[in-house]
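Pasting the structures in now, so scroll down.
Below, chain A partners chain B and then partners chain C, in two separate complexes.
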Partner chain A sequence: MYINIKYFGQIAELTQTKEENLEFSGIIVSELVETLYLKYSNLRTKNFQIAQNQELVSMETELTGNDIALLPPFAGG
Partner chain B sequence: MQDKKPKSVFKEGAITSEFIGNSIYKHQTKTSIGAHNIFLGQVRADDIDEKTVLAIEYTAYEDMANAKFHEIREAAFEQFELTCMHIYHSLGTVKAGEICLFVFVSSPRRKVVFEALEYIVEAIKADVPVFGKEVFEDESHQWKKNS
Partner chain C sequence: MSRYNRHIILSEIGQAGQDKISNAKVLVIGAGGLGCPILQYLTAAGVGSIGIVDFDSVNISNLQRQVLFGTSTLGKNKAEAAKQRLEDLNDEISIVAYPKKLTHCNAVDLFHKYDIIVDGTDNFETRYLVNDACIISNKPLVFGAIYKFEGQVSIFNYKNGPSYRCIFPHPPEKGSIPNCSEVGVLGVLPGIIGAMQANEVIKIILEFGNMLSGKLLCFNALTLQNSIIRISRSEKTIQSVLKNKETFHKKKIDSICEIEVAIVSFKDLLSKKNIQFIDIREIHELPKIESLEVTNIPLSQLENNLDKMDSEKNKAIFCQSGIRSKRAVEVLQKLSIENCFSLKEGASEIKTIITEHHKISSNAR
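For the complex of A and B:
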């Protein structure tokens, strides 16, 4: 399936894109993260959380398809 | 009467003292209110490795952030006896000394507004996907992280 992935803050700086569609055949979030590590090797050094459909999810969460975001540490306020 | 309709939280650039003053003025017609409490987040000119922060450039995952702001509002109205609540956060560049967050709560009684304001501000810091790039004098930068 194709997954839409959004990048923010220092993660977007590293990927040099804010959004992309990626073909992906895994099932859970950690598999997607491994795929992204292969594409962006420096991503391993960064701290981030994953949101799926605008909710934070764990590495074991099953991917439902669209709207994945990589979120670096929050800095609001 | 509770003021619960969805609001736009994000504003481009700094939040001005005129805007804040005007928000206070607008509440003079709501005469059931006996206490307001206001939190203003200001960009600090931190010194890091002998460089000074000039400004913060804010970005956000806006859809998720608006949903989180909405959840925080709902939870606060649920928990505290508030007459109204307003939250504004900057996007884009905010210079050191300028205001980037404005939270305004009102209630008939004072004790409620102290507790509610702290709850709301802490929830914003912890749960809302806003990102801040601290820009230094020499145009280098680092990424801010809430502690």
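For the complex of A and C:
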């Protein structure tokens, strides 16, 4: 299936895009993250959480949606 | 005509609503980019009692976005300079400046004096301190954070809702995520995010509208895209903060930065290939797991046995309970060994899962 992935903050700087579509056949969220690690090796060093269809999910969650977001924490104020 | 006429003539607020605002007590942590607009709107709205915590002083580079200050307040403490400006804006309310650092020692006692806490801080150490102190003192927290052109807003710890730790359980490693002074920030951005935080404060006071509790709003000033991400409360995370309630005031701020470790369930790996299972228990520890191909590297010998790690494979590390395996991953990450994660289950649980899995597969045949 095709998955739309959105990147925020520092993650978008690393991927050099705010959004992309990926063809992916894995089953759980962590597999997708592993795939992204292969594509963007520096992503591994970044702190982020995953949202699927606008809901925060754990790495062990089954991939059910087409909409994924990588959310880093922001420090600034 | 009343100062608050434009509020009072709104049927949704009225005199009763304005009285609620006048009776509210709000503490704002940080009088910087976010703190300035938050304080400005809360003061203008007539929040009866406002506290401002900031140890820092006004610098010329702050004036690009910190709209309460001017050339006449350069070098002055921000909490005191903000109080001075805000008292001119509204002399009918009480404003207290706390020109000091928020610490584990003073946070909880201070929070008890207010109804709502607002996070306008600029570093993770203080953000986690504010979050945890809100959990301990049971106060709602209106959160805002910014990065260059993007911002996040949420309400935490409100009526049994999630906390910041329910999204990001641990602070990132020190220095891994820069703040505004290191990478810059669009001056208007904290104005927008801070105004959104003030808006959430007013909604909590008036108990109306759809609040951002259980939701994280992500805003991008360049694309004007707004995403609202649903988040749920992790009872385990909240309880782990409450567990340390008695010793909280003794905690040192620098000790809270830990490395993030990926934790995976063994069940999710059963069907996977390309995984090296590593048992980091000491050689004498039982049970042994015979039905799985396992590399034994005791934690005490980890750094001397890096050559046993298959660089082509993902490394699933386990121990007796999941604690030492987490520590092992931290050690490996520091040594830049990639693709390591800690298994949630300990050896006994893993053995049970394998046995059950075999039963199911042989029944299926």
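The rule we apply is simple: the second predicted complex is superposed on the first by the 73 of 77 C-alpha atoms of A that agree within 3 Å, B and C clash if a C-alpha of one lies under 4 Å from a C-alpha of the other, contacts with A are read in each partner's own complex, and residues count from 1 in each chain.
As a convention for this text, a contact is a pair of C-beta atoms (placed from the backbone, for glycine too) under 8 Å apart; a residue touches a chain by one contact, two chains touch by 3 or more.
In this text the structure is predicted, and so the values were computed from the model without any measurement.
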On the A-aligned overlay, A:Arg44 touches which partner chain: chain B = first, chain C = second, or both, or neither?
second
Decide which partner touches more residues of chain A, taking chain B and chain C as the two options.
C
Check whether A:Leu71 is in contact with chain B, with chain C, with both or with neither, and answer first, second, both or neither.
both
Can A:Glu60 be said to touch chain B (first), chain C (second), both, or neither?
second
Determine, under the contact definition given at the top, whether A:Lys6 touches first (chain B), second (chain C), both, or neither.
both
Taking the superposition as given, does A:Ser30 touch the first partner, chain B, the second, chain C, both, or neither?
second
In chain A, both chain B and chain C touch residues 6, 8-10, 51, 54, 69, 71-77
Chain C to chain A touching residues, read off their complex
30, 32-35, 119-124, 127, 144-148, 150-152, 167-168, 172-173, 176-180, 185, 190, 216, 218, 220, 223, 227-232, 260, 262-265, 268, 314, 338-339
Name, in rising order, each residue of chain A that touches chain B in their complex.
6, 8-10, 51, 54, 69, 71-77
So in the complex, the part of chain A that touches chain C is made up of which residues?
6, 8-10, 18, 28, 30, 34, 37, 44-47, 49, 51, 54-56, 59-60, 69, 71-77
List of chain B residues in touch with chain A within their complex
41, 56, 58-61, 63-65, 67, 89, 100-101, 121, 124-133, 143-146
